[in-house]
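Read through the structures below before going on.
Here come two complexes built around subunit A, the first alongside subunit B, the second alongside subunit C.
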Partner chain A sequence: MTRKIVRINMSDLKATYEDVPKKWAKWGGRGMTSAIVFDEVPPTCHPLGPNNKVVIAPGWVTGTPAAPSSGRTSFGGKSPLTGTIKESNAGGLSGQKIAKLGLAAIILEGTPAKDKWHYLVITKDGVEFKDASDLMGKGMYEIDELLWKDYPKTAVIGIGQAGEMKLSNAGISVNDPENKPGRYAGRGGLGAVFGARGIKAIVIDDDGGPGVEIANKELFEEGRKKLADAIMEHGLTKKDGGLNAYGTDVLMNIVNEAGGLPTRNFSAGQFEGAAKISGEAIAEVVEKRDGEGMTGHGCHPGCIIQCSNIYPDESGKALVSCIEYETAFSLGSNCGIDDLEIIARMTRECNDLGLDTIEAGNSIAIAMEGGLLEFGDAEGALKLFDEIRNKTPMGRILGQGVEATAKAFGVHRVPTVKGQSMPAYEPRAIKGIGVTYATTPMGADHTSGYTIAPEIAGVSGKLDPLTDEGKADLSLAFQASTAFIDSSGYCLFIAFPVLDIQTGFEGMVDSVAGVMGMDLTGDDAIALGKDVLKMERLFNERAGFTKEDDRLPEFMRYEKLPPHDVVWSMTDEELDKVFAWVHED
Partner chain B sequence: MQVEVAVFATLMKYLPDLPVGGSRYIEVDPGVTPADLIQILGLPAEEVKIVIRNHVLTELDEVVEDGDRIAFAPAIAGG
Partner chain C sequence: MTRKIVRINMSDLKATYEDVPKKWAKWGGRGMTSAIVFDEVPPTCHPLGPNNKVVIAPGWVTGTPAAPSSGRTSFGGKSPLTGTIKESNAGGLSGQKIAKLGLAAIILEGTPAKDKWHYLVITKDGVEFKDASDLMGKGMYEIDELLWKDYPKTAVIGIGQAGEMKLSNAGISVNDPENKPGRYAGRGGLGAVFGARGIKAIVIDDDGGPGVEIANKELFEEGRKKLADAIMEHGLTKKDGGLNAYGTDVLMNIVNEAGGLPTRNFSAGQFEGAAKISGEAIAEVVEKRDGEGMTGHGCHPGCIIQCSNIYPDESGKALVSCIEYETAFSLGSNCGIDDLEIIARMTRECNDLGLDTIEAGNSIAIAMEGGLLEFGDAEGALKLFDEIRNKTPMGRILGQGVEATAKAFGVHRVPTVKGQSMPAYEPRAIKGIGVTYATTPMGADHTSGYTIAPEIAGVSGKLDPLTDEGKADLSLAFQASTAFIDSSGYCLFIAFPVLDIQTGFEGMVDSVAGVMGMDLTGDDAIALGKDVLKMERLFNERAGFTKEDDRLPEFMRYEKLPPHDVVWSMTDEELDKVFAWVHED
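Showing the complex of A and B:
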């Protein structure tokens, strides 16, 4: 059986199925979304106009039986936030179900009749176009619930009010096993592109689907097992290890201790309230309230790391899943807020309205710097989400992200690269991640080249975070291996055991080779990752981006960051080295 | 001399009286290293992956000084 692509045209409401053409046959996940966007989306098009597309692709191994932690879904298109190519991936239920329908990609294209909204139901029998009038104006908690009444146990991909308004900070939600929104392809505003296609939601029902074909079952099985063993052996990813016990917010205290926690709109590297909003604090609340809350929650079936959490309200009922480190930073330390309850409620607002939590919190921090409210005003920050829900001009400004908010409030300290705001690692105090922020095709993004592993976490070697030397090469190595992992459908967090345990790395490569029937070595994996990066960089060049866009904001060069009192000192020449090979190879 | 010590994440269970984000001052002899402190505090050496001295990552055999703050953490990373 050949993998298929379904092309869904919203202009004439037709879905057409085609075999994956040869030029895309080797791709999955991010490689697939970026290849299709590279080939089919004009780089200079307006991201919200008729020529942009949303491409949805499960990874190579997604949907296979028992490939551990492999349920990622990639979403691609041209970003309204950055103007670059964008790939944003999420956990949740969608990837496995799309793959089990035999689909390698869903392409959403065309423009619907004015003000006409649909939801789509994709089953083994095809695509149904349904009138979405009854769903409009609703948040994702209600959407997920309503759609499960008619389509129980399905994957629901959707947008909240932010996507309906086509705000540049609108994400795409995927439901989790409890049918709650919160697994977001958050970054870069692809929810607005989804909305521009007039699509409110997509239901994926894999019942009776053909499943994922595995070319070499023996190789796959061997690889899968080696990888699972490595994940279960590594201190970070094993049962009751750091991620399982405390979630990603285990990073809060440690990055704070190392002076790299962005605080009050990137004006300090330490936050006095860090402990109160840390993973350890979340675990305490979960234990004390002894109800529906939990740590060690899996965002999709088959995840063995289970780094997610469900944060309970005071009565013990589930309030939100999940508070990530990134969320606790953006809505917490970066706004000077140390109130975990309010952070949880703001996270729920983001998940409901369909906002990326990083950009949402950072936009509030900018508004605080601009004088709209004081740093630390937790209640005031929470109320701002009503502005977005009520579609006020203020809400629309905040929902456009950090750069638009900074312009509206006359703020010059703007922590963005290519229009996207920085995540939870201060680049002045952790230099390698600054190289990634500056050079990744995605705009400031930590996941695309997570040098934190050797710079802070002691994973994959140890490097001094405060020095510039060698960081360009380090960032490129991480960006290339990440592009491979993002194509595989494996969660990026397998990178930690894979980088430290050789058999884990082999297992990852072999399991991919087993599914795809490829001859694949470790070197090939990096080369494939570089192929993905090359397409993305070339797309951006054709969209008008130059090396001058591969820079951190000016204020980081002259404003010293406490406690280390360091500035961003990386030379432009060093940054330009990272992708020089694109035109040399 | 006196040093301030802190532990994070899965190491917290070995110093159960410390609250989240808390620290403790202990009397030690001059010349002591983080490796020695791990023994003194009763932490399992194999679980300690990160040592931070006065907000700078350091090595197990670095000699600490009077008034230093030393934090210990297991393998951590994530999003």
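Showing the complex of A and C:
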């Protein structure tokens, strides 16, 4: 059996299946989406125009039996938020089902007839194009529920109202095991590109699919066991370890303590209300309210880390899943909001409307700086989501993200790189992550090269977050290994055990090698990661990006960040070294 | 007497006078603003942040006695609309008065205390900083009137509500001889940079000023006479000639006939209502309503072309000055609006709020494409200006210009280059102007290299607008000579006689040489123009612009423009040749 690609053309409503061509045969996940976008999307095309595409790809090991925490789906295209190539991956049900249908990628292309919207149903028998009229204007909670009525237990990929409006902060939702829209390919506005294809949702039913072929079962089996053991051994990923007990929001108090928690539109590195919106606080609420709330929840079948939470409302009923650390920062500290209840409700709004929570919260924060609301006005912030639901002009501003909102309000302190707003780690106080923000092909993004591991979490050694030295090399090393992990379908959190436990790293590499029938050393894995980065950097260059785009915002050079009173001090020369190899190798 | 520069720092409210330093001594007008911005503004700074500046400079011959049509004032800075260097020049009263005070440039820099607004009064005795509280929230009609109560007959430079909001389409107004805000440094949003300095207005009183020194009076006198004679001889610029009789809107029927009139957001090159909004139609209204309306009006003292009009309301009272061709296009054909009355009222709104009419009309057009209004809805379009006056979210969208409005409405047919929307000449049907749009350092701008002269108006020969051949060289030649003219303080319309009448060209060069005491041949003049272009291109490169930014929008390559059914066909290689000399010379 060969992996297939299905090319879905919305101009003539035709789906074409083809074997994965040789040039893409080695890729999965992010490597696959970036390779296809690199080859097929003109770098200077308009992101919402007819020549952009959305590519969806499960990772190498996704859909295999028992590769731990490997259900990620990659979404790729040219981003309307950044203008760069973009890969954003999500948990949820889609990756495994796509892979089990024998599909290595779904390519969405072509232009729909004006105002004609469809949803697609992909099964072992092919692709059905369905009239989406009844789904239009609806949020993802309702979409997921409606589609499960007709297609129970399927994966549902979809966009909320933000994607219908083609707003630059529209994410792509994937339903979680409870059929809630909690998992998002959020960053970079790919939901708008999805919407520009006239697609409201895609149902994936893997019933009767051929499953994933494993070239070397023994090697795979050995690898996945070694990796699973390492995950279960590491303090951050084991059962009742940091992530399992408190979720990613376990970082809130830690990063706040380090003075790197962006607060009130990146004007301070500590927030007096941090403890009230931390993972520990979430766990307390879950315990107190019992009911459907829980921590240690998996975002997709087969996850053994289970860092997700289900936050209950006052009656104990599930309100939203999941409040990540980055969400608690963007809707919380960065808006000066310490009300966990409101943050939970705003998170639900993001999941329903189809917005990236990081960009959404940061957009509110910058509007606060522009005078729309006072920092800390939780009720006022919550009401803003109705503006997007009602498609008001204010909704059209906020739904486009931080840069657009800054322009609308005449604000010049704009914490973005390449048009994407910064996540929950202040680069003036944590220098390595600043290098990642500046240089990753994705725009300001922590997941592209998570130097927080050594700088804050003490994983793979402990580095001083406040020093510049060595951080350029560190970021590149993380970016390369991340590009490999993002291609594998494994959750990025396996990085913690993989970095600290040698057998974990071997297990990751071997499990991939086993599935793909590759002969793969650890060095090969990093080299593959660099190949992905190279395609992405070259795409961006051809789109017009230069080293001047690999910079943090100007104000971080002249405005001191409390409490450490530090500015961004990394030299431009140092930043330019990070990707110099692209033209040297 | 040496020319001075006054540096006005809004951080400490101090004005410092200095002799023009040697490095800038040869410059005037655009050459001066671009040289100062090139030397002093960090190319990657945020346009609204503390490190940007606004530079104001009269041209070389501005303020001299009887240099014909030479009252232009150049405004420079880093543009919030384009992110490029920007020079935008205006008629009105300011240039001559600044020059007569002995000033070669005014530099506005520094950051005001939060929410503190001033107006400045510049006289022979220095600069006064005045509290602007009473002027805030007011439009330019009222500002001009209020300031003339205290400072009669002065030049008033100012910003409307758009500049207060720091919107990217905020222009800088200069009062005309009737003290109306009809003359604008409109393009590129420099009004927002002005506003970011906390300056609402500047009053220029030249009473008792030293006047402009003329190094070689004989040469100057000879030159200005030759130029004046040529202007009075040329069919386009002479008394009762095309521009004098009908204003710039004489182009409406001509360009429409050529199939190059952008209509309904650049979806067609002809507009069935063109005649109704043409210069001829304006002249008819003026004649019929008598009263204060007039054509053949000068925008500044000493203009002998007098292409401006004063459009009367139904009672014959002056309603607005001036309805340019570009205004009649943007608020007219490009919105599908053929109601001259409403166009006049919208023009007045632009002049009052402080908006560039080109960008303002095009923003409405793209919002129409996005579904906000039907094309042709004149009353609906007129009402939109209240949104800006009332600082509503919709006003904040539209006031930012075409790209921001396109993003807010998810539109991908976006007729912009480097973030600035295209003026009144369809580049698919008039190829040379397309080269100018693509390559000028200013973003899509017709005045930077007005190839319309030979392509449409038959000036300096007659070229087929529909052929690509030779248009790259043509555009560069126009861009270089324009940079010289923009530095001189002469109105760009002297280009018509200068191009067609050799003594006119000599007169222009000699008059400049006479004032500046330069030894200047015609070739020297073009070389000076190229020096200006080179500074501007290098600034942009350092700001991160590449050849990928020297492109017309994607849709113009695949969407055929009626009636000629042509696409943009110029190769990228051809475009890249235009400024190759910057790194070769």
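Going forward, the second predicted complex is superposed on the first by the 585 of 585 C-alpha atoms of A that agree within 3 Å, B and C clash if a C-alpha of one lies under 4 Å from a C-alpha of the other, contacts with A are read in each partner's own complex, and residues count from 1 in each chain.
Just so it is clear, contacts are C-beta pairs under 8 Å (C-beta built on N, C-alpha and C of every residue); 3 or more make two chains touch, one makes a residue touch a chain.
None of these values were measured; they are calculated from a predicted model.
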>> Under the stated touch criterion, which partner chain does A:S278 make contact with: subunit B (first), subunit C (second), both, or neither?
In response: first
> Given the touch rule stated above, what does A:G247 touch, subunit B (first), subunit C (second), both, or neither?
Replying inline: first
> First (subunit B), second (subunit C), both or neither: which does A:H46 touch?
Replying inline: second
>> Contacts for A:L236 in the overlay, against subunit B (first) and subunit C (second): which applies, first, second, both or neither?
In response: first
> Which partner does A:K462 reach: the first (subunit B), the second (subunit C), both, or neither?
Replying inline: first
>> Just to be sure I read the superposition right, which of the two partners does A:A318 touch: subunit B = first, subunit C = second, or both, or neither?
In response: neither
>> Which partner chains sit in contact with A:L373 here, subunit B, subunit C, both or neither? Use first/second/both/neither.
In response: neither
> Of the two partner chains, subunit B (first) and subunit C (second), which one does A:A66 touch, if any: first, second, both, or neither?
Replying inline: neither
> Do subunit B and subunit C touch any of the same residues on subunit A, and if so, which?
Replying inline: none
> Hey, which residues of subunit A end up touching subunit B in the complex?
Replying inline: 234-236, 240-243, 245-248, 250-251, 253-254, 257-259, 270, 274-276, 278-281, 284, 307, 324-326, 446-447, 450, 452-453, 456-459, 462, 464-466, 492-493, 496, 563-564
> For subunit B, which residues are in contact with subunit A within the complex?
Replying inline: 6, 8-10, 12, 19-22, 47, 49-50, 52, 55-57, 71, 73-79
> What part of subunit C is in contact with subunit A in the complex they form?
Replying inline: 42-51, 80, 165-168, 192, 195-196, 387, 392-394, 396-397, 400, 404, 407-414, 542-549, 551, 553-555, 558
